[in-house]
Amino acid sequence: MTVELAILLAVVVPFAGAVLIPLTGAKPNLRETVTLVCAALLFYLVSVIYPTVAAGGVPEVYLFEMLSGLSVFFLVEPLGLIFAGIASFLWIATSVYSIGYMRAHNEENQTRFYAYFAIALGAAMGVAFAGNMLTLFIFYEVLTLSTFPLVAHSGTDEAKRAGRVYLGVLLGTSIGFQLLAIIWTWGLTGTLDFTDGGILAGKADGLTAGILLALYTFGIGKAALMPFHRWLPAAMVAPTPVSALLHAVAVVKAGVFTVVKVVVYIFGIDFLFDIGVSEWLQYMAAATILIASLVAMTKDNLKARLAYSTVSQLSYVILGAMLVTDLGIIGSGMHIAMHAFGKITLFFCAGAFMIAAHKTEISQMRGIGHAMPFTTLAFFIGSLSVIGLPPMGGLWSKWYLALGTLETGKLWLLGVLMISSLLNVAYLLPIPFRGFFSSPEESPPLKSSHNHDSEYDHTHDHDRPKGIKEAPVACLIAIGVTSAGCLVLFFYPDPVYDLMRQIVTP
Amino acid sequence: MEFLGLLNYWIIVVLMMTGFYIIIAHNNLVKKIVGLNIFQVSVFVFYITMAKVKGGTAPILAEGIEIYSNPLPHVLILTAIVVGVATTALGLALVVRIHDAYGTIEDDEIEAREKEL
Amino acid sequence: MAVTGFAVARLRNLFSVVMLTGLFSLMSAVLYVVLDAVDVAFTEAAVGAGIATVLMLSTLALTSSEERVSEAEKPMWALGLVVVTGAVLIYGTLDMSPFGDAYAPIHHHVVPRYLEKSGQEVGLPNIVTSVLASYRGYDTLGEVYVIFTAACGVLLIIGRPKQGRRRTLRMLVGEMRHGMRQNVILRVVSKLLIPFILVFALYVQWHGDFGPGGGFQAGVIFAAGFILYALIFDVDTARMVVPSEVTRLLLALGVMLYAGVGVVGLLRGGNFLNYSVLAQEQTAGQHLGILLVEFGVGLTVAGAMITIFFTFARQER
Amino acid sequence: MATQYPALQVVLALLAAPVCLILRRPNAAWAVATVITWISLALALSLLGRVLETGVILYPMGDWAAPWGIEYQIDTVNAFMLVIVTLIGSVVMPFARASVKAEIEEERIYLFYCMYLLNLAGLLGIAITGDVFNLFVFLEISSLSSYVMISLGRDKRALTAAYRYLVMGTIGATFYIIGVGMMYMTTGSLNMADLAAILPAVADSRTVLVALGFLTVGLSLKLALFPLHLWLPNAYTYAPSAVTVFLAASGTKVAVYAFIRIFFTVFGGVEIFTAGVIPQILALLAALAMIVASTVAVYQTDVKRLLAYSSIAQIGYMVLGISMVTVTGLAGTIVHLFNHAIMKSGLFMAMGCILFKIGAVQLDQFEGLGKRMPVTMAAFVAGGFSLIGVPLTVGFVSKWYLVQAALEKGWWLAVAAILASSLLAVIYIWRVVEVAYFRPPPKGSAEVSEAPLSMLVPLWILIGASYYFGIDATQTLDIAFAAAETLFAPAL
């Protein structure tokens, strides 16, 4: 099969799946088979594209002219391929996981869930392969709208509120800032194609470029750069697989991916470096990194803590991009991948804790390791990767980010990275440690009486160290795969690295 | 002379504004229609006035008459009059129905009743 | 006139208001004559003073004849708005050429051709008619359609007589007609009069090309005849004389005749509403066409007026 | 024969109206109206084609050359308007059949279609004519018929709505006539092209200035430019569904067209518009309309009324485009005329379907509607996206060009207003969506019951169109830009 066809199919397959799933909605097994098949097929397609791009080719698929002189088309370059690869691979994992999760949790409207999930993946593919800013924007918005039903899945008032925040922030930023920036760029340059070395060079003076850069970075609400990060913690009311989708597979990754894409192909590293307008955004990113980490410390709810951790990790990527140095870009590109694996593992584990032991608060998780050794171990692995310690893939991305900061000679940025890594240690590692090395009985009485009741029940139901009580096997498989991924990426990060290399040294 | 020449127009303006005032200031639906009539009629007069030529006669060709008044505005106004009466008829028909439905033709009372709905 | 205007604004009794409005338009009609606009005067008298007044009276009969004194009287904003608008208008008049000035641009751009050529081109002495029916015949078609629309609209809005107590428009002229019933003279006179009115209508219809008059005025007068009949005798009797089907037919046929003539012109190789092609030689064609369309106008207007009036008349309070 | 299309475009509908009156049978009347509308659509399309090929078409009525006779001057703008009006008209007809049967008494239906045809003819007449007074006559035909049609709504408030519209509309028309009179006084002509040629010579006259003022106010009343929009919400809310669909899509649009025509053709050569203060005022009002109307829309509980307010906001978009006096801005307006026509008529059709089934469009009647009328609600959501301006919809296209035009002009506030009002659109659309999809249907009414196909198909045709022309906007854009350029070209 030709690469062009593969690209086209890669976008079509998930949408096709979204059509099939409701048709098969009556028979859950069939429905979930469809999901899995689509996921597998998608990953296969991406792997078909890989060799061409790895060999330095940029396959292109022209779709149609939308506005006069402005077309919709796909163009696969390394960064997009990385994103596509991660998303498609993790879709498999997530589907497996959600089968276990959704059933164990017997959620409602599972068909709707799988359908929109597929659409979201299709949109993610579109974002990854977009050949110009217009195409990217289209799929970006599709992604936003298709994930809304997932966030508001349960339909409770809380979920609806979360949905409003989610939609409000994401549409607000994208229409309010990003669209404006896009149209402005179009007005300035007469093109929106992603081209090496950027399109704005020579077309926009420093001030304009600065404003534009700000409009883009904040307009890409999915990158959750403070102060537009509220939607991410709010969205954690959604079922865990959705959180996985948001935090690791598609949504936030699409955000940071877009940021990097804009920096590299719209502004161009050199141009941006020369005018140096990105500096204050480095500050913003650094601030986000630290503040979010600190907030994460204070959260007792596990998913909330992970959410804020994501916020801070995303800013790593933005920071890397804003360094506008080769190593910085490489670092951020790799961080997209590494963080994806680490964070999805963590979320899977959080979900596992919840469905197996009905624990959502960290303070309840003392000694959880006795009941769920495997999950807790995986959580440990994921933590290491997110923190960036060997032998996990997370090391590499942070490594290159650090080199990037050195390249710019901004040592204090390096400091920021280090501090936040320490903070990561502080808010992640205790969980597995307590899980293993402290026994449930020691768990202190909790503040609110309500929690106390639940705690009480749990002690009755599960927390006795009598035997193992793990999550459904489907979940465990998924967890195993992703945490293995973290390890693999430590020993074999080359594909990602090589692809990123291509970007900075064409 | 200039002043006298424009005097007619000014009177007409006063008439128009009387009608306009009746429309917007009055509460009674029929009265509003009356206002519309007066407003329009004054506009007609305005047209006819501009058509007049000193010493001219009605624009009906006849021997030995050189100066005619301008026929075009006459034509326009013939049309406009019809439009006027058409509008009046419709408006009045609506008033009748409104009276059936609300039992009043005073605007504010109607609004009060609508609030209740 | 101004006085009347203000009086209308002040008065509360709607009957007198309406009467004054009639008076108002009558006066304007007189003014038109003074200003050489005979046709317009004719129409204004027939419509403004005639039909419109009758309609308003019937409405009053059907609703209430007193305007309630509302405390929120003379809202200042309205006055302000009016004053401003008026001021703007006055400002606009400042550059107008003085009244009756023969050198005003309007008398020199388009019109001269009508004055000089219409004799040969259309062949009618009454320039107004030629312009109305031929040069700007399309406007007139539109005008006829406006009245047609109004008639249909009235039918649509208050078309169906509701069941129940038949207290019809007799209310309107209740006392009046009560007098009339007895008043033999009036009955006799009107009996004599009405035929003449109808004949006069026909005269106006056909004479329109030469003197003042034309389809529109004719139609109105024709209708007026019936309305008078209805007022003096009985609405229902009058209805028997011209049943609603007939009036509807008039209504429809009139407009179709007009538009039809246009289409014929179109089929005979001219543009829409080109009468010249209706006959061998231009003026003959023009003449024929104008006669026909004027007749169409007459039909529709008569039909429309009668329809509207009777529709009102059939209402009950 | 093709040379006669311009006349037939209007005259067919005019001739058909009395036919309906004579037929007096609902279905026959409907059939006649439908056929005529579809023929007119064909005519309009062929006219547009010819104009795009051969340029302006002149059609002197009765072979009396302008300025002595009335002449049709059809350039791209007219032709495009004709297409819009007839297109919506032809899509509405199949929809109207069931909806009108449901909302209007049997014995009035034939008159209704008679009115509908007259309204169509009136709008077409406005859109096609090249004579300012002729424009007035047809304006009146369309206005009178729309007053009547609005008054046919089931709710008795329809009557007062129609009456208020009648009063304000007539004031508007009278203002327009005053303006025309003053123009005539100073130029002696009524023909648009002729006026355009003469006016520059007398531009400094105060009379002309006042004339322009009165024309502006009069037309603004007709197109419901904020703050002269007061007649619109009730009129749209209480009119029968089919009427709302048609008027919302074509009535105000044609008024906008007349606005454009007066400013850019008649006063094309005159500085007082292009350089004067009027554009700023218009821009200000437009921005206000966008913000205020959208905000009001957010607080409506009657969804039809909500859409009516959003229409006012959308008219703001169009006027904004006009007020920029640049090709891009004008093109944005013209393309938005089309885009808004299809999306808003689609949304109002959805309302029609819901009225047909549920009998009311209060927000709380929407509970669980996502399950009860899935097809209709899906259409509503899709149309809502277009209103918001989500990419791939027509709304996105118009917004794109309006923003671009504002950027070229450096009007940051305008840009902000456009984006802000689209964010408000997100809110008011989402209120409906949440009620429809996240609230359980009220007891006992949970079963699915959809409107008949004759209503759903037109609905989806419009929604489909609003995506088709959003995905490939090149045709509409080319026409719009061509039109805008002809408007800026010196008048013929």
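Just so it is clear, A, B, C and D label the chains in written order, and each chain counts residues from 1 on its own.
Rule of thumb we're sticking to: contacts are C-beta pairs under 8 Å (C-beta built on N, C-alpha and C of every residue); 3 or more make two chains touch, one makes a residue touch a chain.
The structure displayed is predicted, hence computed values, not measured ones.
**Student:** Could you name the chain whose Cα mean is nearest to the mean of all protein Cα atoms here?
**Tutor:** Located nearest the centre of all protein C-alpha atoms is chain D.
**Student:** Between chain A and chain B, what distance separates the C-alpha centroids? Give it in angstrom.
**Tutor:** A distance of 70 Å separates the two centres.
**Student:** In whole angstrom, how far does the Cα centroid of chain A sit from the Cα centroid of chain C?
**Tutor:** One centre to the other, that is 76 Å.
**Student:** Per the centroid of Cα atoms for each chain, what is the distance between chain B and chain C, given in Å?
**Tutor:** 13
**Student:** Where the centres are mean C-alpha positions, what is the separation of chain A from chain D, in Å?
**Tutor:** 45
**Student:** By the touch rule stated above, which residues of chain C touch at least two different other chains?
**Tutor:** Within chain C, the residues that touch at least two other chains are 89, 93-94, 96-97, 104, 106-107, 110-111, 114, 136, 139, 142-143, 146, 149-150, 153, 157.
**Student:** What residues in chain D touch two or more of the other chains?
**Tutor:** Touching at least two other chains: 133, 137, 140, 144, 147-148, 151, 178, 184-185, 190.
**Student:** Where does chain B touch two or more other chains at once, residue-wise?
**Tutor:** Residue numbers touching two or more other chains: 16, 20, 50, 72-73, 76, 79, 83, 86-87, 90, 94-95, 97.
**Student:** Under the stated touch criterion, can you name all the chain pairs that qualify?
**Tutor:** Touching chain pairs, listed by label, come out as A-D, B-C, B-D, C-D.
**Student:** What part of chain D is in contact with chain A in the complex they form?
**Tutor:** 385, 388-392, 397, 399-400, 403-404, 407-408, 415, 419-420, 422-423, 426, 430, 434, 438, 471-474, 477-478, 481
**Student:** Once bound in the complex, which stretches of chain C touch chain D?
**Tutor:** My answer: residues 88-89, 91-97, 104-111, 113-114, 134-139, 141-143, 145-146, 148-150, 152-153, 155-157, 159-160, 248-249, 251-253, 255-256, 259-260, 262-263, 265-266, 270-276.
**Student:** Please give the residue numbers of chain D that touch chain C in the complex, ascending.
**Tutor:** Counting only chain D, the residues touching chain C are 4, 7, 11, 14-15, 17-19, 21-22, 59-64, 67-70, 107-108, 111-112, 114-115, 118, 121, 125, 133-134, 137-138, 140-141, 144-145, 147-148, 151-152, 178, 182, 184-190, 194, 198, 202, 205-211, 213.
**Student:** Going by the contact rule set out above, which residues of chain D touch chain B in the complex?
**Tutor:** Residues 133, 137, 140, 144, 147-148, 151, 156-157, 159-160, 162-163, 166-167, 170-171, 173-174, 177-178, 181, 184-185, 190.
**Student:** Taking the touch rule as given, give the residues of chain B at its contact with chain C in the complex, in rising order.
**Tutor:** Contacts found on chain B: 1-2, 4-11, 13-22, 24-28, 30-31, 33-34, 37-38, 41, 44-45, 48-62, 67-79, 81-90, 92-97, 99, 104-106, 108-109.
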